[in-house]
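What follows is a pair of complexes built around subunit A, which joins subunit B in one and subunit C in the other.
Let's turn to the complex of A and B:
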């Protein structure tokens, strides 16, 4: 059932991306609409504001979760495309491990700053 | 074939003999066509009157055997089930089915296709091996249970769905719509208990999850089957099993045949020879 679980996770991460990315877009780009509802986000795109959000657990968690689901969704999709175009057992192993390694490195790189800010 | 009802149709037929030709090439034939004439009849005319070396596969001439699948004007059809006038054109381009290796001219090698089909165990599998080997009765099946998979039993294994499938074109290891639809057909059959054996065969990198749902197979199928639907239903069965949802299919019980069998009506006397 490995492929079924992988595909199911692809669907679940797709839905999660829509939700988490939706929150990100609303906060970052739709401040006029938020202002209409009485929410003041100040200068949300400034460096200071970004660092401030990264220090708050809920925001840091949201962005770490967004990074994780985007990486899984994109890299699993890329793996499926590559395996379809170059079908062989050897390619399968190489592509799978290369993509897992890339995903882990990208996740560590992406979470280093918020994790460091949260810790210290 | 009267003079006024015939018109000349140009058949551009792909020829390829792997023993002599480096690459496939086209050869043109002028074929007199009449109303309701099929593409297969045109090919038979060529073989009988113009070039006896033309090779194509045919048998039943009534869309039952699935032998004469070929690419006609760049779309896969059964030649016996396709009338020339359907194309409203004086030129027909005829090529062998794509996504399958060519043996000669319009004949493709269907052995890999049949091997894939056989690998998914397209037959009833039961736990009661003794009853399967030496049946004492029948497996009961209600009409509504039969309807869940009935349309997929009409597959004639012509290979047209494979040749229409874009995933089969790009992924040579893809199981293909025919085999996957037949896998669903047997998994959905309540007389069958072999789903556990078949799932590992289709839950692979080149199995059921590689279907992109282009539905080209369903559009091309000459028998009107919907293999894309079968693949979607197979995906649903896999997900239901993975997350532990869905109703578990109970194997149909063994029942004795009816004790009172009505005798068949005799043939009318005038149809019986010697009366």
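Let's turn to the complex of A and C:
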């Protein structure tokens, strides 16, 4: 029953990622096409442009939300791939907890830096 | 007396990369898994770049960016974008099918039987076409645009 909910969350986070990561990739990479539609992103990978976005709460919130859903989707997918080898119940528990621990560490590390930049 | 042999269709670990006689959708599944693991690998590198290197200030950031603007990294980024486009659209198709869309109404099993693949297959072809178009759009922008 628990795996059913994990699977449902996998679908929901998948749709969220398609939207959020779509925005992220279009802003970061499609500068010629955005310019055609009159949007000037002004050299997105430069330090100035990056800091300008990092100081705005909406961008920081968007990236932290993206990080959360991506980490869930990616690590749950990795867990599904590993558990397809049908290990013993003990190995399954070890894999699950290792992945949860890694996810929490990655989320804390990935949230600390935008929060520090947002604060100044 | 001739003994009936079991079908030799067990692929083992080879089945991770090769699906034998199965149809297109099974190969899309293998590609879905490969692109997913590839994007996960990129995510770890990307998180390193945006945390450990970014917090060290402007000089380290600009050095990192000048390394990442190397043409080989550009090709790698392009592959990651294509993997994302594929994974997203194929995932959308899988979600719609899992919820019962795109496969027509159920019909009674009266001969001649018709499976739902004849309803699903056109959507699969359309999805592949959209992926190819988006791959070309991104290719155009990776060549013309500088980012």
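Here is the rule we use: the second predicted complex is superposed on the first by the 117 of 120 C-alpha atoms of A that agree within 3 Å, B and C clash if a C-alpha of one lies under 4 Å from a C-alpha of the other, contacts with A are read in each partner's own complex, and residues count from 1 in each chain.
To be clear about the criterion, a contact is a pair of C-beta atoms (placed from the backbone, for glycine too) under 8 Å apart; a residue touches a chain by one contact, two chains touch by 3 or more.
Being a predicted model, the structure only gives us computed values, none of them experimental.
Once the two complexes are overlaid on the shared chain, A:94 sits clear of subunit B and of subunit C alike.
When the two complexes are overlaid on their common chain A, residue A:44 makes contact with subunit C while staying clear of subunit B. Contacts of A:30 after superposition on the shared chain: subunit C is touched, whereas subunit B is not.
Once the two complexes are laid over each other on the shared chain, residue contacts for A:78 go to subunit C alone; subunit B is not touched.
More residues of subunit A lie in contact with C than with the other chain of the pair subunit B and subunit C.
By the document's definition of touching, of the two partners only subunit B reaches A:2; subunit C does not.
For subunit A in complex with subunit C, the touching residues are 11, 14-15, 17-18, 21-22, 25, 28-33, 43-47, 50, 70, 74, 77-78, 81, 106, 109-110, 112-113, 116-117.
The residues of subunit B lying in touch with subunit A in their complex are 167, 170-174, 199, 203-207, 209-210, 235, 238-239, 241-243.
The touching residues of subunit C, when paired with subunit A in their complex, are 33, 36-37, 39-40, 43, 47, 50-51, 54-55, 58, 61-62, 65, 68-69, 77, 81, 84, 88, 91-92, 95, 98, 137-138, 140-142, 144-147. Residue ranges on subunit A touching subunit B, taken from their complex, read 1-8, 80, 83-85, 87, 92.
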